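Following this line, the structures themselves.
Presented sequentially are two complexes of chain A, the first with chain B as partner and the second with chain C.
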Partner chain A sequence: MRAAWLICVKDLRARLRDRSALLIGIVVPLGLAFIFNSIFSGISGASDVISLGVVNADHGVASQQFTSHVLPAVDRSGLITIHTEPSLARARALAANGTLAAVIVIPAGFSARVQANQPASMQVIGNVDAPVSTQIARSIAESYAADLNRVRLSVATAAGSTPLSPAQTQALAAQAAATSAPVTVTDVSAQTKELNQKSFFAAGMAVFFLFFTVQFGVTSLLEERNDGTLARLLAAPISRASILGAKLLTSFLLGVISMAVLVAATTVLFGAAWGNPVGVTVLIVTAIMAATGIMALIATLARNAEQAANWQSVVAVILGLIGGTFFPVSQAPGVLSSLTFVAPQAWFLRGLGDLRGGGVSVVWVPALAMLAFAAVTGGLALFRLRRLAEV
Partner chain B sequence: MKAFWIGMANLRRMFRVRTNIFFVFVFPLVLILVLGATFGGSSSPRLGVVSVGSGSLGTALLGELEQIPHLRVVTVSDPATLLTQVERGNLAAGVIIPPGYDGAVRAGHDAALRYLARPDQSSQQLGETVRGAVARQAALLGSARFAVAQHAAPDFSTGLAAATRLSPAVPAVSVTQTNAGTTLFSRTLGQFDEGAWTELLLFLFLTAMTGSVALIETRRLGLSRRMLATPTSPATVITGETLGRVLISCVQALVIILGSALLFGVNWGQPAGVAAVVIIFALVAAGAGVFVGTLFRNEQQAIGISLLLGLGLGALGGCMVPLEVFSPTMRQVAHITPQAWGNDAFAKLVGHGASIAGILPQLGILAAYAVVLLVLASWRLRRVLSA
Partner chain C sequence: MDGAKVGERMLECRGLRRSFGKIVAVDGVGFHINPGETYGLLGPNGAGKTTTISMIAGLLERDAGEVVVAGEPMTTHSVRAKGALGYVPQDLAIYPDLSGRENLMFFARLYGMSTAEARHRSDEVLALTGLADRAGDQTKQYSGGMKRRLNIGIGLLHRPRLLILDEPTVGVDPQSRNAILESVEGLSGAGMAVLYTTHYMEEAERLCDRIGIIDHGKLIAEGTRGELVSMVGEGDQVRLSATGNLTGAAAKLSARSWVRQAKALDGGIDLVVENARSELPAILTDAAVDGVAIRSVEVTEPDLEAVFLHLTGRALRD
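Now for the complex of A and B:
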């Protein structure tokens, strides 16, 4: 046990001295998370209020109803702000330069045409690069248009083939307008089980590079065999289990150090929110175990340290990519979105996301999944490592 | 000539390690595919809809939702799955059309749809599109109900049939749409186009950077000492090593360009222009790679720095998110990277069909990068080799 600890301390010291673990485990992920964050924080994201303009060139009954009842209700939601624009030219210019996402224009004579049961139309001018916001503006206008159409159609349906006098039509229309809509939409708020952007880049980069950091422990067994120091270790009164244990422990501790520093640094430096400390700890520990197991298994399949490092990088990069550490693969179409769960990284990130929307208990499923990765790959690795530690 | 053979030896050494083939050729192509499939083309938000057991009126409402432009409707089997998908961000928002919707509306009851949204604003804003679709259907349903109330129809279904029949003949209030402004993105771009050139620049630079490891290996194994022991000048060795990096980049570019064009139909623009960007960018990358290779003695340290610079400068230069969506300040900052100028050049070549003459400013700046970096690299390499 003591021998294992001594080997482990020796390895850790060597890694700290040549600074490579420091670079891969801390500097690179931190630097990349910082860069991604600076780029993305300037990009309009989920937290933007949509600015819509309205130009009322009509000022009749129907347009007043829209501008003083429908639009204020939309504005009150706090999601969309409505700006009344005096002229069409100005509003169009603002939509063109993107100050307004879209403008709803009510042309002169609109109310008169509505009143006279003639075809009438509203116009939406959208910024070319804001198609979704333009669609939202259009939907607001269409909802109102649909309501006007409902009244017209109600009158027509109720009248059937009987011709109506203008007074009768008006009375029916007033009645139809007073009836409530048969279908209502109620809002249900769902929780957010997504990491915010800062936390996503911090967590994504941390777990991506974790798979590189833990390589330093297990792969050093191959280096020791190459350099002939493994034979010397085995000649000493040290059990093989101690040597293997020491290497796995080195990987684990390097992982712990790297993740602990990254969690602390990203929290302090750019305000990443990792979530409940207990849950985060469970996820990090199981992720390190999974990473150690997988990387150890690959090391045992390689002929030498160089080949091991090459294969490990390939696997770490593939798992990192499909595990969604760079971009959320779960939003990809088709098989890709379920394929992501062959990567422990995906479970780690899902665990952190779920933790944001729930209690600590939500981490058990991802934690168990990562433990399963650790158990299977680690078990196979130990089985093969035993043979590797025979000179 | 000797320099050329030193370069070729570098190329052969790269090919000998099979994992290099993965990182240099296969991985970039896979990434072009994955990114194109995930983000390429439309970035329409996805609306999840549960309409199980909602009957024919429920199906009709689903049809109304599917007709909304810039919205992708995804049907989901049950409310619990929908909730989870929305919470996890896989869907922008969700709508539940309750089972028995059809029956309830026909029986004259009020039906309530549930709209599921996360607290973030984009998720809630989409609710307006759902309300729009509901209002369109409600025009028919409300008219049918009104007809029944006015004794113009014996029951709801007859009323609905009458309203549906009359609807096209009733003068409609409609909404027309036009667009304003000039688009940042070229509309002619294919699904994989932008992803392809950004990945090409990212990986050309990244490969040249991690190639710095080969330079360290050359020194560690004593290859450079042996070369210098032969009647070969340091200048030839330096040219050869740099040429090796450039050759690798050119082969890599050729494979990625041809591969993505054949496999995913990527359009690359005028060949002369593309060749110019690729060759000059390869020189920039080679200069940077050789320079980094002279700064470290330890291969793992060089890998760490190469990843940081390769991925970091790539991200900053618009290889991961298009420069067009950067904030104005960040876009200015981005142009300290050669990748940003490369991206600008490709945006002109592919997006706007420019020829080599149209990208001369970008090529000029890239050439300046190449000169500075190559001078720096050969100065450092000469010092390291003579040490």
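Now for the complex of A and C:
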């Protein structure tokens, strides 16, 4: 164990000194997480709180019910803030410059048309770079309209062909409002089981580059063989197991250092919310083990360090893409969604997502899945690594 | 350095054999080295020298044979036997991103020294190899000669009882080469057993108490330089550039028991004698008696190159 630790410390010192591990393990993922977060925060509109505007040009019974009951309920969910704007022109300007992600416009005469049993419509003005937020605003409006129509239909059926009285319209709108609010809030609350954007890109980039970071440890065995220093280690009074163990330990510790720094940095700099520390630690440790096992196995299949690095990079990129580190693929249709489970990255991200929606116990399934990756690939790698530990 | 037990051989290897596929790289090699002795393994490139010492150093599994280092059996898993052995590989085996001192400290600790002991011993080796003033520099900034010296210094760190040097002067400039040879001479003088492989005949002749000649994986001859040369069966050649009664002088020299051949040529006499160094005064005296005026004398002794040529039918560097 002493010899393994000495070799590991030597490797860590050399890696930190040549700065490549520092770049791959910390600087690049942090930079990319920042860039992706900056780019996609405008496009997706899926930041922590969505700002929606509402312009009520009607001030009738139906629109008052919408602004007084439906929208406040949405606002109370904490995920969307509603801003009442006095004019359409101002609201349109705020949506254009991105201050508001979208605006729901209730035109004048809306309530009268509802009351007269005539077609009525609301408008949604969206920021071009916030399509998701625009869709959310549209869904809220459509949901209220659908409920309004459903209730109006039932009232109209009861009243025959007689136009609705003001009392009936008010009752209808109140009924629609009472129906809409829970539906809208339920839809939005589904997001609590997914990582928010900042956390997603922080975790995605961290686990994507983790697979590159752990390469340095195992591949150094091939480098030592190529450089002749492996012969010197083999001639020393230490066991071969300590040499192999040192390389795996180096990979593991590089992964730990990289992930620890990234978790801390993205939390402080970006406000990423990783979740319960115990659960996050379990997920990180098992992800590092899985990454080390897979990268070690690939290294044993290569003839030299250069070939190993190339193969490892290809596998890391493919698994990263399948695992949804750049964009979520867990809800993709068909084969793609099933395919994600062959990537430890997917289990890692899924574990973090589940952790946001539940207690620590939810991480055991993803953690066990990653441990299985580690056991199978690591076991095969250890078997084959003995071949590498020869001059 | 730990003292060897009385009568203990520092290295004993018998019947070493190793194949790579259908190629037999080493076939039945066996020899021994005593404490304080420098043993040279001389042979052309590809003769099996590195494979032999890889098995001796416990780097390579052997197909057959036995290796004992300082009384301990050596295998690829032998920790105790490896502790008695210092290994200097042919290629530079140092870490370029670490300084010279860090390289030494790392290997010293790997050989079981405490931090303080490792620091002390590293300083000694840095001084011995002339690298003390560059100890803190990363070795990738070292010259080729400096790297070579550090490479050897690492092998000496733990004061091994047996030091294996695998062609340590390959690719080294003449100045560094001479420094390395002087270092090796000093080691055997200090009681360390040294196994030195080379394909440079002059290095083997200068350094080694005994020499094993290896070719095609087999040890084809072994002994002191004198013993090996005597195997050739040739005498020393002496050429006298002279004027006068050359025929008479040649006839007179032929009568000497230690002269195998004496032939008068145009401008001199060619002789083949058993030991030119000791008989040279008598040769000059005999020639002078017949009034021969000698202008110059050239003595050529048979060397290991001639031995190798005699044993294999080809030159050492073919």
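For the reader, a short list of remarks on this structure follows.
To be clear about the criterion, the second predicted complex is superposed on the first by the 244 of 391 C-alpha atoms of A that agree within 3 Å, B and C clash if a C-alpha of one lies under 4 Å from a C-alpha of the other, contacts with A are read in each partner's own complex, and residues count from 1 in each chain.
Definition applied: a contact is a pair of C-beta atoms (placed from the backbone, for glycine too) under 8 Å apart; a residue touches a chain by one contact, two chains touch by 3 or more.
Quick caveat, the model's predicted, so the values are computed rather than measured.
In the superposition on chain A, contact of A:135 is made with chain B only, not with chain C. Ranking chain B and chain C by residues of chain A touched puts B first. When the two structures are aligned on the shared chain, A:73 is found in touch with neither chain B nor chain C.
Look at A:39: by the touch rule set out above, it reaches chain B but stays clear of chain C.
By the touch criterion defined above, A:227 reaches chain C but does not reach chain B. Residue contacts after overlaying the shared chain place A:314 against chain B, while chain C stays out of touching range.
Look at A:147: by the touch rule set out above, it reaches chain B but stays clear of chain C. In the superposition on chain A, A:239 makes contact with chain C only, not with chain B. Looking at the shared chain after the overlay, A:14 reaches chain C, while chain B stays out of its contact range.
Annotation: chain A residues 18 touch chain B in one complex and chain C in the other. The touching residues of chain A, counted against chain B in their complex, run 18-20, 23-24, 27-28, 31-32, 35-36, 38-40, 42-50, 74, 77, 79-80, 92, 95-98, 114, 117-129, 131-136, 138-150, 152-154, 156-160, 172, 175-176, 179-194, 310-311, 313-314, 317, 321, 326-334, 336-337, 350, 353-354, 357. Across the complex, chain A meets chain C through its residues 3, 6-7, 10, 13-14, 17-18, 227-229, 231-240, 390-391.
Across the complex, chain A is touched by residues 17, 19-20, 22-23, 27, 30-31, 34-35, 37-39, 44-46, 68-71, 83-84, 86-90, 94, 105, 110-147, 149-150, 152-153, 159, 162-163, 166-167, 169-185, 298, 300-301, 303-305, 307-308, 311-312, 315-316, 320-321, 325-327, 329-330 of chain B. On the chain C side of its complex with chain A, the touching residues are 54, 57-60, 76-77, 79-80, 82-83, 85, 87, 89, 91-98, 102, 106-107, 109-112, 154.
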